[in-house]
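Paired with chain B in one complex and with chain C in the other, chain A is shared by the two complexes that follow.
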Partner chain A sequence: MAGTITQRRWDLLLVVTAAPHSNDVITSALRLAQSVLDQGRTVRLWACGYANMLTQTTHGDTKLINTRDPEGVYPSSSRVVRDMLAANPGTFAWIACTACSAERGATSHINEVRFRSPMRFVSTIEGADKTVFIGGA
Partner chain B sequence: MTVEGDGRPVDDPSRYLLIESQGTWAGPNAGRFLDDARVLAEAGHEVRVFLVQDGVFAAAPGVPQLERLAKAGAEVWVDDFSAAQRALAARSLSPHVTVVGMDRAAELLMSESCRAVWH
Partner chain C sequence: MSEYRVLGVIDRAYRGAVEVQFFDALYGILDFRAQLGAVALALRGAAVTLAVDEDIYQPVVEFGPVRMDTLPDYRTSVRQLITEGVPVMVDEPDLRALGFGPDDVVPGVEVLDTNELAARWPEYDGVWFV
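Now for the complex of A and B:
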């Protein structure tokens, strides 16, 4: 008899389609994700479009030097995501869209990010109790 | 009792969290989004509008959409971080709004039967 595959359920799926540097939308998305995590819930984030640039290894761990604060250390977006994933093992996940990444030549994600084909987008939504689109469809 | 916009009773009132992240100058859609919230509230649904990012500027006194929202019974929340980033002190905001943290929005979002839209 064939076994059954049980799909893991997540409390919240955030689909981030917004252009990441057009405003402070990524800050808002990460703050919302962290607040939901702090309530003991599970969160998955699907990076769509240029949001896939956020987790590139080429960012390194820090942003460029701030000339007004040359001694300051400002974590890169890759580092912020990596730290959130490390701080929330099994309860927070970051998905990079394979098509969006390939279209932009941005396939060098940090190891902690999972690749997923857009063909599985609907099943990803089905695997979450709630889905919020941030940035429009 | 809850009623539809045309006066008919609402069979199944819902809970809505409508998140506005755009300033009122960003185009007509921002104002329309707030008007959609008002229509839902007038129809008897439980509506909370969460203003975040440039959306917090809609919390300035005298914004007509906000006045109508309050009259319709919708709650309007202003994100504390976004307001602080824009140097908007709580005392400078409309008396119809409440300054809250992201945790309040997260709690409402994850509550049962809450429907959320981010604009």
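Now for the complex of A and C:
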């Protein structure tokens, strides 16, 4: 039928509501994503809550200066996510929840991140064969 | 420089890795040190493991071709604190509960009973729960 949209399916959806700088959960989520990508599968990550802070353009490419190592280069979380997306074209995607981003005044995501309304949360889950919900906001 | 003397108490360890890198709780102790008359560190709870010595950890994680070698390195930070003369103390029962003893910590770290640790609070102008 003309006009029918076939929703793309993903192997894994990671819903990450845990906050950066709280514990090692963000690192674990990225490692989990990478390990599934390494198996040749596709991964989509839905950032909820404070996880939306990870991909703000205001981070720039590098973290603030380390006063104890002023010449050191420390990639920002935005840079790490952007590099991971660039390394996995078409197989890794990052979604920013519009409501959580707006609630936190964190709407300035890097261009590689896709905005999605929470009204599409369940349909996003239905578009993946498996969903792992990593909570802890 | 202020004469203000601070005891920093850390109960909760491992507050992020990829997003944190050098900017961890021990960096706060190292970085504030220049503003203070004296600073000391007390590790309790799971944070006692920050002072458990080892030599195999590498601050590296690889996400496919994206390699980071700047993850937090707590043992190195504890060694730096000791080198710079900052007293580092560890709660003995918490250390023991996790299967470690006084011989397992970074050289120079003091292992003290909970009550001894608390008895030292009056030596400081401020006790900060970092």
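Just so it is clear, the second predicted complex is superposed on the first by the 132 of 137 C-alpha atoms of A that agree within 3 Å, B and C clash if a C-alpha of one lies under 4 Å from a C-alpha of the other, contacts with A are read in each partner's own complex, and residues count from 1 in each chain.
By definition in this document, contacts are C-beta pairs under 8 Å (C-beta built on N, C-alpha and C of every residue); 3 or more make two chains touch, one makes a residue touch a chain.
Keep in mind the model is a prediction, meaning the values are calculated, not measured.
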First (chain B), second (chain C), both or neither touched by A:Asn88: second
Contacts of A:Thr67 with chain B and chain C, given as first, second, both or neither: second
First (chain B), second (chain C), both or neither touched by A:Asp38: both
Partner chain(s) touched by A:Leu54 [first = chain B, second = chain C, both, neither]: second
Contacts of A:Val80 with chain B and chain C, given as first, second, both or neither: second
Touched partner set for A:Ile26, first chain B, second chain C, both or neither: second
Chain B versus chain C, judged by how many residues of chain A each one touches: C
Residues of chain A contacting chain B in one complex and chain C in the other: 23-24, 31, 34, 38
Interfacial residue positions of chain B with respect to chain A in the complex: 21, 52-54, 79, 81-82, 85, 101-103, 105-107, 109-110, 114, 116-118
Chain C - residues contacting chain A, complex: 14-23, 27, 30-31, 61-66, 68, 70-71
Interface residues, chain A side, partner chain C - complex: 20-24, 26-27, 30-31, 33-34, 37-38, 54, 63-64, 66-69, 72-75, 77, 80, 83-84, 87-88
Touching residues on chain A, where the partner in the complex is chain B: 11-12, 23-25, 28, 31-32, 34-36, 38-39, 41, 130, 132-135
